[in-house]
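Common to both upcoming complexes is chain A, partnered first by chain B, then by chain C.
The block that comes next holds the complex of A and B.
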């Protein structure tokens, strides 16, 4: 039985890793439950994040409320296609892709699939690495609303979507972290005994 | 692609202390140290297991100290300034973090401040606490293991580099609204991001755990 934090190996039945102090479990049996719980919470929080405005802009002549997609479209109208692409990728493509990827991993860990475990491990690593980058939109809102405070000329305030979006990102990060990646490989060793070199 | 791959083995073939279990797929290997600069990679799922570097400890301490100074300095200097029709405003990172002041948004403020300042800062402190005695060949300080475990667990929640990219996006968004300039803190933050990445690259967690274990025996 190996420690997932420091990779030290212990005999079966040891409860805690003596080297780093993390809890040892051969397989986290509740892993998938936790994954789904956080996943559902993340999806629920993601819905209002897209409906409500992320930014409320007040200028001398107009007041505008921007949702995530609306903001990206507006930036694209100004000709900054690169930035529009970053926003769309970071706050639409990545979260939706993450939801799908985690669901795929959790379902296939139970049911089995023809996709190789190595490919699925790669997918899991990508999900873990990329999840944090969705926070970029929350930070942009934070910077803008503290920076653009020019009394009557222009001011920007955060909208309610900023909060739900942040919650959604955190939930999906926790969902990915509670996934026990060893489950991907268990199905393999069940089907065929491990090869010796 | 993967130099120094480790050999597969059965659990009872070697002393349990010399085994290493892949944290991703649970495959067991006998530890064989790769050369400095080399990497030991899991044949099963290609996770990097061991990657020792020459003088990694000293370099890491130097880098970590730099990161610490930069974080603290970047906190107080102005970050970005803005000008439009005679009205001006400059903002520091602390201002940005505390911009969600109204009502339930406070939660978001705490979150942003933690992600871009306090978690990175805490990680530098923990890393120094663990590494300094190890590098100086002294016994580790009390609770060094717990400190190192925490610093590893906090890793995904330190989001300084994401904040830096967020700045770039924010700049483009307001540049037609007003004139925007970058303050000294912005450049500190840019340097910080690069240093954090290099630092994490240097760190071979397995080597640190091993040395913590040896010191205590």
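The block that comes next holds the complex of A and C.
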């Protein structure tokens, strides 16, 4: 079996990796538990991220609080459909898609599915790759709030949703990372003996 | 695992341990649990801290926005509008406000809400901060929780008593007009209250406005208080002259209401109190005179006047003996053929009379007043319409005693009020009088006057233009040149020279006289003369006794009879004879003769010495000189007289000619010179006459 840290392959029964000294386990038995735990935390954090305002804009005569979806709708009302689409994709579609993808992977790892392991592995890679881009909203808020600080005239502050959104993204990334991709293939190895005899 | 007995070596068995449940469950589950707890806690906290929702309805909620407009209490945010909608019938705006939880118990029945907007009025600019921040809803409630309520009626105007101001609110009423909202109530220039916006009565008969007096000024207001308007200024022209009234420039601009408590006592101010707002201080005082301190003791009476005259209005005074005792409250016409016997319209006047003003005392009630009036009516008291003001034609009612009036009584049973009998109106018709005056002016013979004036002026013009008057200056000039000739004549010029010659002669004469006099003194002539005269006096000394006696006799003679008079006269004569018979008496002539002889001798001696001749000659020449002086002096007044007559003539001519021209000025100057010369000459003449010695002695 392979060391999860340095990827050196050891024969079964080896308790520790001689190269890096980490504990060798053939399968992370708690992998799915971790996935689900982070997944749930991510979902919990994602709810207020959508309810509370992401961006608080204060001008001399005007104060507005925009949630993620509300902001996207408002932008769309002004005709900037492209921007609205980017916001929606980055802030809603991707996180929700990640939740669904991780949940799908975790469930299929346990129950089995008709989807080929190759496709599922590909899905997992996509989730891992996209995860880092989920923070785009948080970055936008951070940049805006540091740039637009004109004292009383106008200021932009991050709302409570910015924090929870960031937490949610972190949780989903951890969730995705916790997923032991070998579990996808375990099912294959279990099924094959049944088919081949 | 179909066949466990034939394990394939590639098939690495997967160790699926069965550890206890605690070992199987990863600690990682703590994270979602914590997240869940935190989320739930936050949600619960959020829900728990969320205050209740109250609904306020407004007629007009301009500027109120959901999630933006704040609810403020003492200008601090205590809530936020969550929703703005309409009432079910769409007639009002319904504003849902989430209020702070800790304040919700205080939002009870006492709470009032109004929308603060920027407002620019004469009192100043308010709500300026709302220009930028938008409007907000201001709430006010007291500090005692009395049961939370969720539905409120929003006020259209800020309440008079803001939160934190104590005071008593009451109602101001006027039939005329009330000041604008937020007008201050001033007392001696200090704001002690405020008037809110006025509203028209339901029946349109007047306007009322809620007003408030702040603590601790509420004690200044009693039922004896009268309010009046000091907004702007008033100009009145009356019998006492013109008056321009305004309280202060501040109230001139912003308006104001002031008051004065005109009577002591009276009930303190209460919430239900209603006060009349009078247009001026005078009317307020008049009302107090009639109404008193509000104990409503006035008695209502009616009068029916035969004439229906214009000019009497509600509020017109009712006077008794020149004192205002009441006022007219209403006027109507009345037609009652049964009662009066014809169909004429009569004037039914209702009035209030205050018993305390008549002098029946503070405690006097209706019955006292009616008793009094009944007695007076029996004596001839009647109501009479008369002029209140000649200028405006307003009328008033006067209660007067009419001599020989027809019998009448105060009809106490009349409906609805007792009826006081009336008499004929005493009205001076200003229009008629003015017409009479104009008629007289019209009758004046103005044209004749003008005609004669024109004739006079024509004559005057002719006179002035006449040749005689035109020649007058020429003649005058001739007179003046004649006068100048006289003054400059040689005779007149020579007078001073002659006079000085005469004076020189006189001086010489007086020197000679002095030597004569000293000579006489030297020779004791005078002493001798004095001695002789003294002896004569001595001799005459006895004479007074006789004279007195004679006087006594004459006195007696007036009293006594002629016979006794004769006797007395006889005795007097006898006494006189006896006196004359005395040797001394006889010697008197002798002595006198001797004295005279001595004088003669002296004079003879003098004559012999040539002195007398000298003296005679001197005196003769002196006499000549004096007569010459006299002659000269006699001439002087003549000259003066001549000059004066010239001057007078000239003056007379000049005065007819006029005073303005250069010519006349010069002429009068010349005349004055002539007059001065004349008077100088006259003075000289008079001085010489009065005191020739001064000429002689040079003094």
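Following the convention adopted for this analysis, the second predicted complex is superposed on the first by the 180 of 197 C-alpha atoms of A that agree within 3 Å, B and C clash if a C-alpha of one lies under 4 Å from a C-alpha of the other, contacts with A are read in each partner's own complex, and residues count from 1 in each chain.
The rule is short, and it goes like this: contacts are C-beta pairs under 8 Å (C-beta built on N, C-alpha and C of every residue); 3 or more make two chains touch, one makes a residue touch a chain.
Please read these numbers as outputs of a predicted model, since none were measured by experiment.
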item	value
Fit or clash - chain C, chain B, common chain A	fit
Contacts of A:77 with chain B and chain C, given as first, second, both or neither	neither
Comparison of chain B and chain C by chain A residues contacted	B
Which of chain B and chain C A:33 touches, first, second, both or neither	second
Which of chain B and chain C A:63 touches, first, second, both or neither	second
Partner chain in contact with A:16 - chain B first, chain C second, else both or neither	neither
Touched partner set for A:45, first chain B, second chain C, both or neither	second
Least C-alpha distance (whole Å) that remains between chain C and chain B when both complexes are overlaid	7
Doubly contacted residues of chain A, that is, touched by chain B and again by chain C	1, 194, 197
Chain C-touching residues of chain A, taken from the complex the two chains share	1, 12, 26-27, 29-30, 33-34, 37-41, 44-45, 47-48, 60-61, 63, 65, 167, 171, 178, 186, 193-194, 197
Sites on chain A touched by chain B in the complex	1-11, 19-22, 59, 71, 75, 78, 80, 83, 86-87, 117-118, 121-122, 124-125, 128, 131-133, 135-140, 142-151, 153-154, 158, 162-163, 166, 170, 173, 177, 181-182, 184-185, 194-197
In the complex with chain A, residue positions of chain C that touch it	1-3, 8, 11-12, 14-17, 24-26, 28-32, 34-36, 39, 42, 67-68, 132-134
Contact set on chain B toward chain A in their complex	7-8, 10-11, 16, 19-28, 44-47, 49, 79-80, 82, 84-85, 87-89, 91, 95-100, 104-105, 107-108, 111-112, 115-116, 145-146, 148-149, 152-153, 156-157, 159, 162-163, 165-167, 169-170, 172-174, 176-178, 180, 205-206, 209, 212-213
